[in-house]
Structure formats: C-alpha cells, structure tokens
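Below is one structure. I have some questions about it.
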Amino acid sequence: MTNGKRILFLLRQAPYATCHALEALEAVLVAGVFDQQVSVLFRDAGVWQVVNGQDGSALEARTIGKVAQALPQYGVTALYVCGESLAQRSLCPADLVLPVTVLDDAAQARLLAAQDAVVND
Amino acid sequence: MTNGKRILFLLRQAPYATCHALEALEAVLVAGVFDQQVSVLFRDAGVWQVVNGQDGSALEARTIGKVAQALPQYGVTALYVCGESLAQRSLCPADLVLPVTVLDDAAQARLLAAQDAVVND
Amino acid sequence: MPTLHLVSRAPALAACLEVAGADDAILLLEDGVYAGVAAGHAADDGADAPPRSLFALEPDVRARGLGDRLGAGITIVSDAGFVGLVERHQPIVTWR
Amino acid sequence: MPTLHLVSRAPALAACLEVAGADDAILLLEDGVYAGVAAGHAADDGADAPPRSLFALEPDVRARGLGDRLGAGITIVSDAGFVGLVERHQPIVTWR
Amino acid sequence: MKIGIAVHGAPYSSQASATALRFARAALAAGHTLPRVFFYHDGVHAASALTVPPQDEPSPQPGWAELAQNHGVELAVCIAAALKRGIVNDEERERYELAAASLHPAFTIVGLGQLVDAVCATDRFVTFAA
Amino acid sequence: MKIGIAVHGAPYSSQASATALRFARAALAAGHTLPRVFFYHDGVHAASALTVPPQDEPSPQPGWAELAQNHGVELAVCIAAALKRGIVNDEERERYELAAASLHPAFTIVGLGQLVDAVCATDRFVTFAA
C-alpha cells in the first residue's frame, strides 16, 4: 500500500439520472486492481451513491449501491464521505451501504492536498 | 396573432458550455415562422443568453446574443425576462441585447398559466 | 386548467416554486425526487415550501432508496398516475 | 505543492470553496466564469467568499461578455496561463 | 387525447429516453395516441443503430422501435441536432461523403419544424429534459 | 512535464472537448508532452467519424487528429463507454454484427485500465468534465 501514486476519485453526482456515477465507480474498481493508493470521497449529491435501500431494477438499471459495495473487494478500502453533505440530506453513516470514514471540510482539504492526482465523475 | 397555439419557450440555461441554448433558440426561430402565438421567457442562468458584449468567436462559436437578436425578425416579439434572475446577476434591462419585458414571479406565473404548451431548453 | 410542473433535478425545484400557481401540481421525477427528501438543513431541497400538490414518480423513488425518506405530504404515483396528471393539467412545464 | 481547482460550472464554486486550502488556486472556466460576476444578491455565485487566488479563463470570459462584469481581484489568464497554473500546482481538481 | 413527446437526453448518459419510453407506454395503455416523439438535443443518440448496450442495462431503443411498429408512433429525429452528433441516414451519408450511415431504421430524420408541428397537433406536450 | 488529460463531455453538447483541445495545444507550445488523452463518459463522441459539423461551429475533431499525427498524442477512447454510445471500430463492428463502424482512424479503442495508466504515467492529470 505504500507504493504507487496517491489517486483520489472525487464523486459528487447522484446516481441513475446520468451514468456518470456508474462509469466513475467502474473506473475506481479498475484502479483498485492497479498497485496504487486509491481513495474515494463521496460528496454533495454523490453521497446518494452509497445510501442503502436502492433498487436499480425499478429502472432496469444496475443498483449503484451494490456496485459501490464491491469497492473493498477490489482493494479500495480508503472510503470517505463528507459529513456536511450527509447532514444536509438527513443522512447518517448508518444509512450507508458500506463502512466509510466521515470527514469534515478541513479533513477533506487535507485529503485533497495529499494526492498526486484527482479524478472526478 | 390571434390564431394558433400559445407556445412558450422557457429558456433557463447559460450559453456556450452546452449547445442547449443555441439549439433552443433555433427552435424558437423556426416556431416564429409558423402561425402560432410564440413567446419566450429567459429565466435563471438563461438570462445570460441575452446579455450584451458577448463574442462567441473567442470559442469559435456563434454569438448567442446575436442569435437572440434575430428573434423579432422571425416574428417572435413576445420576449420576457425574469426580473429576479437579472437582479441576482447584477444585470438590468440596459445590459441586454434586445428589448424585453421584465416580469416578476407573479406575472411569470400568469404567463405560464396562459399557455397551451411550454417547450424548454 | 392548472399547470403540471415536472422537476427532473433537485436544485430546479426552487425555481419551479417561484412561479408555480397555488392550484398547480408538481411531479418530482428522475433526480428531482431527491428534492422531496424530508429536509435536514438546506441543500438540494425546497420541500418545506408553500403547500402545493406534490407528487413523486414511483420507479425513481424506489431505485434511489427514498421510499421511507420522502417528506410527508408527497404522493407517490406510478407511470399511469403520471399520465393521469398530464390528462388533468395544461401546460406541462419541465424544470431541470 | 498547492492544489489547483478547476470550476467549470458556477454553482460548483461553493463546494470547491468548502475544501480549498488557503494557498490553493481556483481557476473559473466554461460556465464557472459566471461565478466570478460581482455579486448581486446570492444566486450562482460565491465570489465574495474568503480570499484565495482566483483566476478566470480569458476565452470563456470574452465569449460570455463578462470582461467588465467580473469581481475585482479575479485575474484573467490565457490558455498559456492555464498551463502555467497546472505546472505550479498538484493535484488538479475539477468541480462541475 | 393526443400527446406529443420531446426527448432531450441521450440513452445511458441521461434517464430522459428511458423515462419518456415508460411514459409513452403508459399513455398508450391509457388509450391515448402518440402521433410523434421528437428527439432533440442529445436525445438524437437514441436513434443510433451502432450502439451495443451493456448486458445489465437494456437500451430503450427496442422499446421505441416497438412503439413505432405496433402503435404507429413516428420517431422523429431533428436533422440539425443529428448531423453534428453523427446520426445520419443514407441520404446524408451520401451528401456528406461519410463512410457509413448510423440511423436505426425505426427512426426518421425530420426538420425542426416538425417539433412545432408536434406541439400544434397535440392536446398535451411533454418534454423529457436531459 | 508529462500531462495527462481526460475529456468527459461530447463535442457541441459540452464545451469540454474544445476547452481540452485548447489546453492541449497550449501545453505542447509550452514544451510539455501529452502521452495520452483519455476520452470517457460522453467524451467518447469526439471519436465519431460520422459527424457533420455545423458550418459556423468547427468540430474539435480535426484538432485532435492533428495532435495525434504531429505530436504523437494517443487519443484513447474507453471501450465500455464507447460501445454503449455507438462508437465502434471494425473489430467491434464484426464482433457485434453491426452495420458499420464509426470510429475516426485517429482514435484508438482502449480499456479502462488505460485511464489509470495515464494517471500513473504523468506528472499532472487534468479532467475536462462535461
């Protein structure tokens, strides 16, 4: 885990209305199998990607929450979520489909500053 | 002007970053040559479509303000703009490329309610 | 006949509410259903604005896991219900 | 090395400002340049937030007629200036 | 009741095409007629004959084609919006000397006037935005 | 300096492709190298060989092709994003029994791993979002 580049995926878009969330998560899964230090920050409407209770079959679509749940299996375990983005949507960590670390704005600033590259959705 | 359907084009998107504004204006120009009662409401970021001083050549694009200026020649003279949307952007009617009627929210509500159909960008 | 407003993105609800009449109906669909989430403090929403007939499209609500998260007073409608709303309103205005 | 934030839509500036560090640079481009308009009362903007290095991309500013409408303290840069900002910052973060 | 429909978003990239298709089916089931669906802006991508849908995300295109075939719905694609996005029929392929055409046969290339015509010829007009 | 570029928006529909092209030219003029431009999401539409640009709005495509030809920039198009949007090369055309291919010859279809590779192989990575 100490080799490679520090790459953060910044995910800010809600799922389903566009395929940005799905395609961005697919990129994260691929990045996970490379020998890099990959992390993910869910922020703003992007926190909806990891909310529980989703059922993509209602739209004949893949369930984005299930795609996100696969992240740890692909070696992506540095998962962060913006606390303020959760609060604005009346969400708490227990509403999410997988364990994530809640960060305040200052901690997110430090996370961003520590990256070699940031890829967004 | 008393024949035909009352059709309002509701234009809410800023020009240049997408081609929604241009394509929507092209639809308005075409509608103008039909024998219908066509009107246009510029609202929210859509008011940027009619701001003066634009120069699309900086982006090798058509100047959207010039496209909008052609509306009266195509018989589209019922042009409205949301007053609050202007104020939020520090704009006033003198900043616009053509004469428009400024409407408050209540007047916009009446304008919408009077339509047979609304087409948006 | 009152107007039907289709709100397909959450932030667009605010603009819609500025000009919607008291008898109008508002249908939240696609990402617009997020605007129906019972409000925390501000954000995408506006669902605690003046009372109008507020609906949300069932497949969009279910896909997004919002079944138990929508504010009270929002009526869930099926695609058939959507068609019924279109029958009873004119014009139809889309906000995205 | 400080971060360069690219803001390509006006409403995205608010989120960017929440996490941008004091030494970071922010470049407004595409529709993001509207966020640099000297503020009326609220709306798309956030330009009167804490002082950071704030830039706007010249072709986008000129196309939109914003040359005389941007807030004081915003530096206009060319495409070459954009490249210079990328040289001097890492990582590059896009907000849209 | 006659209902006109406009679709402004591309399949996958936007939900608009899928939502519009579900609405169209529900409207037909309720006894309404749909003279024309007008594909504009990125909506024209629904007419591409060259797409390969992901296995787990069906394309709305077969559904649109079924409406055309079994319910006489005209699937009208704006020519100006289509040309710049690479959606071309044989006639345009020939005129612009392109290597191939890309329009699915269930769809028809039309002028922008047909949008206004669709508004005028219907009792309701519903836009599914991008 | 090696700079990686990602393009997420379609030409016309989004400014992203045009902005990225201007940036790429300025970066080359400043002496930087651009090993690869990665087209993802709707950005893949830049690779369509079947578009007809409007007269007064030039397409960024010839500019991209020029960078590939004269500066060795690889124009990499994500296969998964491309297939569902109707951007296919001859190989995919054959595999999926499509009527035609649509990929402009200056562009190359690649896997998503090449995005990560582009990030790893460069000193800076810049995303031009839709």
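Labels for the chains are A, B, C, D, E and F, by order of writing; each one numbers its residues from 1.
To be clear about the criterion, a contact is a pair of C-beta atoms (placed from the backbone, for glycine too) under 8 Å apart; a residue touches a chain by one contact, two chains touch by 3 or more.
Because the structure is predicted, anything quoted here is derived from the model rather than measured.
A.B. asks: For chain B and chain D, which third chains touch each of them?
C.D. replies: Under the touch definition, chain B and chain D have F as mutual neighbours.
A.B. asks: What is the shortest path, in steps, from chain A to chain C when you may only step between chains that touch?
C.D. replies: Step count on the best path from chain A to chain C: 1.
A.B. asks: Which chain pair has the highest count of C-beta pairs that touch?
C.D. replies: Chains E-F share more contact pairs than any other pair.
A.B. asks: Could you tell me which chain lies farthest from chain B when each chain's centre is the average position of its Cα atoms?
C.D. replies: So the farthest one, by centre of C-alpha atoms, is A.
A.B. asks: Work out the mean Cα position per chain and let me know which chain is farthest from chain E.
C.D. replies: Ranked by distance of C-alpha centres from chain E, the top chain is D.
A.B. asks: For copies chain E and chain F, work out whether under half or over half of the interface numbers are shared, and give different or same accordingly.
C.D. replies: same
A.B. asks: How many Å are there between the centre of chain D and the centre of chain F, using C-alpha atoms for each centre?
C.D. replies: Averaging C-alpha atoms per chain gives centres 25 Å apart.
A.B. asks: For chain A and chain E, let me know how many angstrom lie between their CA-based centres, rounded off.
C.D. replies: A distance of 34 Å separates the two centres.
A.B. asks: Can you compute the centre-to-centre distance for chain A and chain B, using the mean CA position of each chain? Integer Å is fine.
C.D. replies: 39
A.B. asks: Spell out, as numbers or ranges, the residues of chain B touching 2 or more other chains.
C.D. replies: If we look for residues of chain B contacting two or more partner chains, we find 16-17, 19, 59, 61, 116-118, 120.
A.B. asks: Which chain D residues touch at least two other chains?
C.D. replies: Each of 8, 30, 59-60, 90-92, 94, 96 in chain D touches at least two other chains.
A.B. asks: Can you pull out the residues of chain F that are in contact with at least two other chains?
C.D. replies: Within chain F, residues 12-13, 15, 41, 57, 80, 124-125, 127, 129-130 contact more than one other chain.
A.B. asks: Give the pairs of chains that touch; include all such pairs.
C.D. replies: A-C, A-D, A-E, A-F, B-C, B-D, B-E, B-F, C-E, D-F, E-F
A.B. asks: Which of the residues in chain D end up touching chain F in this complex?
C.D. replies: Of all residues in chain D, those touching chain F are 6, 8, 29-30, 57, 59-60, 78-80, 82-84, 86-87, 90-92, 94, 96.
A.B. asks: What residues of chain C sit close enough to touch chain A in their complex?
C.D. replies: Listed in rising order, the residues are 8-10, 30-31, 34, 37-44, 58-60, 62-69.
A.B. asks: Quick check: in the complex, which residue numbers of chain E touch chain F?
C.D. replies: Residue list for chain E touching chain F: 10-13, 41-42, 45, 48-54, 57, 59, 80, 83-88, 92-93, 96, 98-102.
A.B. asks: Once bound in the complex, which stretches of chain A touch chain C?
C.D. replies: Residue positions touching the partner: 14-17, 45, 48, 51-59, 61, 63, 65, 85, 87-91.
A.B. asks: Okay, in this complex, where on chain F does chain B touch?
C.D. replies: Spelled out, the residues of chain F in touch with chain B are 12-15, 18, 56-58.
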